[in-house]
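Chain lettering (A, B, C and D) follows the sequence in which the chains are written, and residue indices restart at 1 in each chain.
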Amino acid sequence: MNINIKFFAAAKEVAGKEEMQFSLPSSSTASSLLDLLVEQFPGLQEWKQYVRVAVNQEYVSLDYALNENDEVAIIPPVSGG
Amino acid sequence: MNINIKFFAAAKEVAGKEEMQFSLPSSSTASSLLDLLVEQFPGLQEWKQYVRVAVNQEYVSLDYALNENDEVAIIPPVSGG
Amino acid sequence: MIEIVSEKIDITKILQSVEDNSAGGIDMFIGTTRDNSKGKSVLRLEYEAYIPMALKKMNEIAGEAKTRWNIKKISLVHRIGKVEIGEASIVIAVSSPHRKEAFEACRYAIDTLKKIVPIWKKEFFEDGEVWVDAREEKILS
Amino acid sequence: MIEIVSEKIDITKILQSVEDNSAGGIDMFIGTTRDNSKGKSVLRLEYEAYIPMALKKMNEIAGEAKTRWNIKKISLVHRIGKVEIGEASIVIAVSSPHRKEAFEACRYAIDTLKKIVPIWKKEFFEDGEVWVDAREEKILS
């Protein structure tokens, strides 16, 4: 299945892009997506334990099962305000 | 001795004036002044236990010994803000 | 900036008075006149102050806030005379490097002002007028 | 009024957005950019947001504040892009019949915004730039 990934802040700089399409085995979880992203962008390794994953603009847990065309965002620790 | 008394808010309405000069026996206290004021303005009786006395713009206790030309203010419960 | 004014309070000016490049946050409290009090409709309000003592006490509150918290600047401006419904009667602003202290100092300032600063509010109703006794309002405001 | 803007925040407009004749108090928090961070001089800041999700979370914070406290109106406006030292990056305003609730709801809103709203701050120093990690700042701000 295909999902759309958005990167922000530090994650965007590490990935070198704002968004990308990503192909995943069906029944992939947020956690397995993170593993694949770290493979593709090794610089994300150090962020892996700090980022949160949002799907369709809602935070999800790592065992969340992704669906075709989900909008997935990699959310580094926020610092608004 | 002579002191200057200022009345505010409800106390001003009861006394019917904003300020007055008042003659007191020397070594009078804030408490004895209040007693004399209630004699002169009986309507102050119901306020007596609630008002605070300020001398020269500072709150004082009831046993405070007044001095000639003190500026004494009768301060009903405040409600600023 | 510690002032008692008889015209509309200039909030922008107060904000500028506490700006500080090393401050990360400003907390501002604006007290406005409510259109009701104890279930009755309020037409308008008037404030009276023992001005020199009120200014002295407002300065003391500012000084005490600076002693207790790490704040940069604090301003207190109270309006007296007639104040229309919805208009500001009191504005307090505090700037601080960190927001927790701005909030705490601002809350301290308004709470203390309501207890010790010699200013009185009179409420005007359809059927009369009354000097507000803040002791009765303790639970409410 | 829940907004993310890229121009200077209009504080007067935000104040008007929470005015309410039955409100007795407004608490407003203004977050400004500090000229220093961890002992280093900050030249300027830039904010980036995941805008649709940030707006969604800001709306959730406003809704939750209205559930928890008896407040009248609440506004949250965050600025993104370049923000000069001393300028406001966030303004939150809450009106309420009684001031205690305005203070508490406003503090809740800024504390929660800093935890869950996907907005990031980058600090620019003489010798480089860094995305701020709010986890490190927990003790400080």
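Keep this in mind: a residue touches a chain if its C-beta (ideal position, glycine included) is under 8 Å from a C-beta of that chain, and two chains touch if they have at least 3 such contacts.
Just so it is clear, the structure is predicted and the values come from calculations on it, not from any experiment.
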| item | value |
| --- | --- |
| Shortest path length from subunit A to subunit C (each step joins two touching chains) | 2 |
| Chain whose average C-alpha position is farthest from subunit C's own | A |
| Centre-to-centre distance between subunit D and subunit A (centres being mean Cα positions), rounded to whole Å | 26 |
| Gap in Å, rounded to a whole number, between the CA centres of subunit D and subunit B | 48 |
| Whole-Å gap separating subunit A and subunit B, where each centre is the average of the chain's CA atoms | 72 |
| Sequence positions of subunit D contacting 2 or more other chains | 31, 110, 141 |
| Sites on subunit B at which at least two other chains make contact | none |
| Chains grouped in pairs wherever the two touch, ordered by label | A-D, B-C, C-D |
| Partner subunit D, residues of subunit A touching it in the complex | 6, 8-10, 13, 50, 54, 57-59, 73, 75-81 |
| Of all residues in subunit C, those that touch subunit D in their complex | 11-12, 15, 19-36, 85-86, 95, 97-100, 102-103, 106-107, 110, 140-141 |
| Complex contact set, residues of subunit D against subunit A | 31, 47-50, 52-54, 56, 78, 89-90, 110, 113-122, 131-135, 137, 141 |
